[in-house]
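Input: structures, listed below.
Each of the next two complexes has subunit A plus one other chain: subunit B in the first, subunit C in the second.
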Partner chain A sequence: MPESKPFTVACPTPLGDGGHVQLAHGGGGKLMHQLLEELVIPAFRNPELEARHDGAVLHIGNSRLAFTTDSYVVRPLFFPGGDIGTLAINGTVNDLAMCGARPLYLSCGLILEEGLPLEDFRRVIASMREGALAAGVKLVTGDTKVVDKGKGDGIFINTAGVGMIEHEVTIAPSAVRPGDKVILSGDIGRHGIAIMAVREGLELETAVESDCAPLVEPVQALLDAGVALHCLRDLTRGGLASSLIEIAESAKVSVLVEEALIAVEENVQGACEILGFDPLYLANEGRFVAFVAAADADRAVSILKECAVSAGAAVIGEVSNSPAGLVVLKSRIGTHRVVDMLSGEQLPRIC
Partner chain B sequence: MKFVSEYRDPVAAREFAAAIHKITTRPWTLMEVCGGQTHAIVKFGIDELLPQGVTLLHGPGCPVCVTPIELVDKAVQIGSRPDVIFCSFGDMLRVPGTQHDLFQVKATGGDVRIVYSPLDALKLAAQNPQKQVVFFAVGFETTAPANAMAVHQAKRQNVENFSILVSHVLVPPAIGAILSSPENRVQAFLAAGHVCTVVGFEEYFAIAEKYRVPIVVTGFEPLDILQGVYLAIKQLEEGRAEVENQYSRSVRRQGNRPAQELVTQVFRVIPRKWRGVGEIPQSGLGLAPEYATYDAELRFGVAAYTAEEDAECISGLVLRGVKKPQECAAFASRCTPEHPLGATMVSNEGACAAYYQYRRRELKQKPPVVEAH
Partner chain C sequence: MPESKPFTVACPTPLGDGGHVQLAHGGGGKLMHQLLEELVIPAFRNPELEARHDGAVLHIGNSRLAFTTDSYVVRPLFFPGGDIGTLAINGTVNDLAMCGARPLYLSCGLILEEGLPLEDFRRVIASMREGALAAGVKLVTGDTKVVDKGKGDGIFINTAGVGMIEHEVTIAPSAVRPGDKVILSGDIGRHGIAIMAVREGLELETAVESDCAPLVEPVQALLDAGVALHCLRDLTRGGLASSLIEIAESAKVSVLVEEALIAVEENVQGACEILGFDPLYLANEGRFVAFVAAADADRAVSILKECAVSAGAAVIGEVSNSPAGLVVLKSRIGTHRVVDMLSGEQLPRIC
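Let's turn to the complex of A and B:
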């Protein structure tokens, strides 16, 4: 390894551009984190928000509730393996599941663009209905607005959800301990490539389907079996890398994962090779990581393998004390590298 | 995955590393020319496997990094025009000009689009006859044939609202410039495999002979690079200075003749400025006079514009292999991927960005043990 000077953090790096929101601010990478840390979180400081989990955990009376919200803006509206409706249900349901909650009720805000074919709207609503049935949630309230043509992208959806936490376990980065095993629920990167293939007209030998799916069943199965679950995180925009980094930073632990243990479908890998993308950063909509006490790891994997959505579950790494906040990948050829958060979205390379 | 996993095989990698250790008797300094190779070296940690005295310097082969700042400014000026759809490969969008980058142009209302091929931009031009469609034709010999094809097709199909902003550079003149510099430390080159796929490697014989330097045409996978390093060190140890082709599954001595003919037809060899390096004679491509009407610089009247880059940025020294990224005072403090001072911090293939992403925090670990046998 070449000689390198010790790295110290100076002042926080400024937002990329003084004046305007850029697409990268929504990419799930560093710019988005800066936007939230500098402008949003300080405005609303409270313990629930500052837990920085996928959803807030609320104590109301004697119950613990999980509460979350997410907005869905996807182009194209329909893609192999799902559509914006499936995403709008599963994304919010999964955020609740990652709090260890049983999802119960959803709200739905629809922002429709003038001129949207009603047939498209029907298809999206049908998908939402199917998704809600599959996840066992009820859509109980909502709102609809229409904007002028050209002011929206067909349809934007916001869903919020509440779920009940029916156990005493704390499932959060703060519960992660050195020695914990990291379990990944299946192969990664399919949603990102499925969307990009349609959006950019990439012609792959076999179409990649999004992994979009509800994750309630496997999480409930782990909880029901009394597995010592310490933290859960579904992998969305920033991919596996960003999720692991977020947890390592919040929990102040180090995470070592092995590249050879992380499953990537061959056509996803192929698309990554062409575009110069790293599957670690590709979006997923039906995958999660579970941090589990080492003694329970094998049992957790067997339980997950019983559920169709997590049939590809495997231990991919483990947690250690230091260096805190660092995710390290052991490559296939046995060398090590730091996994860093990207600044925005991955950009296709030139050659 | 076929044709990928074989070249990332851990057992074979260890064997190559052991073989390199076995033949290495003293320190050597090698330069990999291509940014794709730099990225692979840092991503896979290939340098961790090499003997301590073997240094890999990262060359000027990242097209994003060497595009001069004034061309980025020209792109920003053209992309900001309301009548223009400006098309580019993705990683050019974040390259800082003197004031703005193309992402900022997009955020403030410019129609800036990422395309995967110049032919996609040509298609956009045909679909949007009321707009001017401009493609940012960046890259080495690798991307030149496709860009030449887009211009050739535009002429054949009479697509008049299409033009390209050309920033093409050539590898052999850059190697020559590095070798003739008094501060040169490079003793052998790993030449860029994909560039040679297009142009072959006949040009390198004269360079190898003139400067007494081994040149090994090398691929991009970990085993390719390890084998390239092995062949280069073997030559150095044996006192040879020859041209060898490690990447023979892709590269022929003559290269791809039809591609070369198309490039010769559409482009002319001209002097080019390299970001951080300055002007190198006969080191780039510009449109041939018959195709000048497709030159975006002429069409939008920006040809005369010039600009100088940030004085603090040492990307020129990094690109010439004189300094490593972490030797820069601004590295990871005033210069980050979110706020890059120079282009080497922007692209995935830029040496500074690769070090920032993978090497920013020192790993507390023992160097891997590689047994020679």
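Let's turn to the complex of A and C:
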């Protein structure tokens, strides 16, 4: 007779003894948060890290600086609307912008796989050059490593960024207040679908291009106009849903958004329906949400509409006291549902 | 009759059309310099990058900051005297120290391979925590990506660092002057041999431990004492030889060093003889050279000897006008030879 084994739950306890890293640990969802909250953040406890912002705000001399980093492991390296080089500039520039900083300087750490065609490397460097010029940042320091064939995947890029905070405003989840309006800067889901379409050889009627772009201009425009900005977040891994949930949880507020107000391009919506994806969770590389005092919301939308990258800006919802930590979506037919964080990511290696 | 093909030179022209990245492109030698000088630096031309220092010196507000980055891809992850986590802290901290900066803040970008045992991840994070505490830096922002099994190699770590330059001294190759003394902070070659011994299962009479350590204390001691410091460089990839050559070329000076004055531990020397390595080219992770005005050299050595990490400091040579750009080694038997830069690295993936 076989020995009876105790019932074990394998799924929600991946960090127990003997566990292994899973792809979903890098997906921007629940598993990644668990990995960071249990293993990483406790090791380095400090106020900057615990702010859980897109970057750290540092006080150096009389200056306030923003400091951030991201590694880019997107597959494939080239996709409609950009490549890993474009992403590596804009992703880090945008994290600085989301801290309310003017991006100034980037570092660049390259991990190349032996056998990478130099022509691919040239293309990526050219994209980084163009991206840096477009975003107004200088790449000032770098490092290059090469790993054996089969121990990497073409190119991985890390960029870290330093930006200057030139105002006194606190832009962070902790500054979000009940009554704030939630502004979305444009249509969502294009980066995720652009990557997926190439990866899966999906033929769409009109090709979907990544929205990858620098977000410096619209953020500076809001700051220059003195709009009462409370929080900014770009909608990368985990998409609009994860960004809103992170902010609602950090700020201990409730966020209600209306599905009908969230723009999704027709071909993105079509691809989502075929593939069973929810656009709320798809990664974007040129979209952000702004939490703004209600009195300034209309003015903020007008300012954003003046910038090409945020021409599709719209108020999509608002903040209230309770239920604290929850994001609720009002559907097109008027029903309400709680928006939950995914366990991992719909698409691994999206950025 | 077979068609006669034109004679082609494959080796010294790896950046021609149709080339591929080779392991040696990451080795800190000639090929890496060629890759950077031909493909990377021209794309981002700016004075900070062209200083070709271990980090960039930035002017922000009234402050001078140092900013640097390194990715760590060492294999194996764990070795006598440290692991990839120790390296990732000390390597970047040391690059800041070599800019004459007080290291303050680090970012951390992790690229994990699916299937990595979480226990290994925990050990590496614990080493990073200890390393950051020992070096007096705060890890304030980070990012985690996961790549599919077989597309990475356990853990790759990027750290970028920000430090404060609290003095008016210019510490750079451009400040080196004929007559300067060259001070080496201790014995060389231990990191390279420690890695090699584990990788090749080499049994040495006494195990060689990596010299991996933070170099903040000795550099601060020199600065605090007002020593006329002209240039600092840590001796990582490419070892003492490559560091001296880089400085001699940048500063357009000649550097003469005496073999008999360069300390190499007996078991490191023994391993080098067995393996056919030259300790001058072996990587170190806790050693540096200081170029100091001759009048201050003895005082600088005394100050360095007070710090445990540089207790073995000694003057090993001096700078002269010509032959510009060359490093010359006076051997134990009195002969002179030009020290050349290696094409790649004796040992790939040493850091």
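In this text, the second predicted complex is superposed on the first by the 328 of 351 C-alpha atoms of A that agree within 3 Å, B and C clash if a C-alpha of one lies under 4 Å from a C-alpha of the other, contacts with A are read in each partner's own complex, and residues count from 1 in each chain.
Throughout what follows, a residue touches a chain if its C-beta (ideal position, glycine included) is under 8 Å from a C-beta of that chain, and two chains touch if they have at least 3 such contacts.
This is a predicted model, so every value here is computed, not measured.
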Which superposed partner A:270 touches (first subunit B, second subunit C, both, neither): first
Partner chain(s) touched by A:175 [first = subunit B, second = subunit C, both, neither]: neither
Which of subunit B and subunit C A:331 touches, first, second, both or neither: first
Partner chain in contact with A:323 - subunit B first, subunit C second, else both or neither: first
Greater subunit A contact set [subunit C / subunit B]: C
Which superposed partner A:140 touches (first subunit B, second subunit C, both, neither): second
Which of subunit B and subunit C A:200 touches, first, second, both or neither: first
Partner chain in contact with A:20 - subunit B first, subunit C second, else both or neither: both
Set intersection of subunit A contacts, subunit C complex versus subunit B complex: 14-15, 17, 20-24, 348-349
Touch list for subunit C against partner subunit A, complex: 14-15, 17-27, 32, 35-36, 39-40, 43-44, 46, 48-49, 55-56, 58, 60-63, 65, 67-73, 104-105, 107-119, 121-122, 125-126, 128-129, 132, 138-148, 150-153, 156, 158, 160, 162, 164, 348-349
Residues of subunit A that touch subunit B when the two form their complex: 1-7, 10, 13-17, 20-24, 30-31, 34, 200, 202, 266, 269-270, 273, 275-276, 322-323, 326, 328, 331-338, 340, 342-343, 347-351
Residues on subunit B engaged by subunit A in the complex (per definition of touch): 1, 4, 8-10, 13-14, 36, 42-49, 55, 63-64, 89-94, 103-104, 106-108, 114, 116, 138-140, 142-143, 194, 222, 324, 326-327, 332-333, 336-339, 347-349, 355-365, 367-368
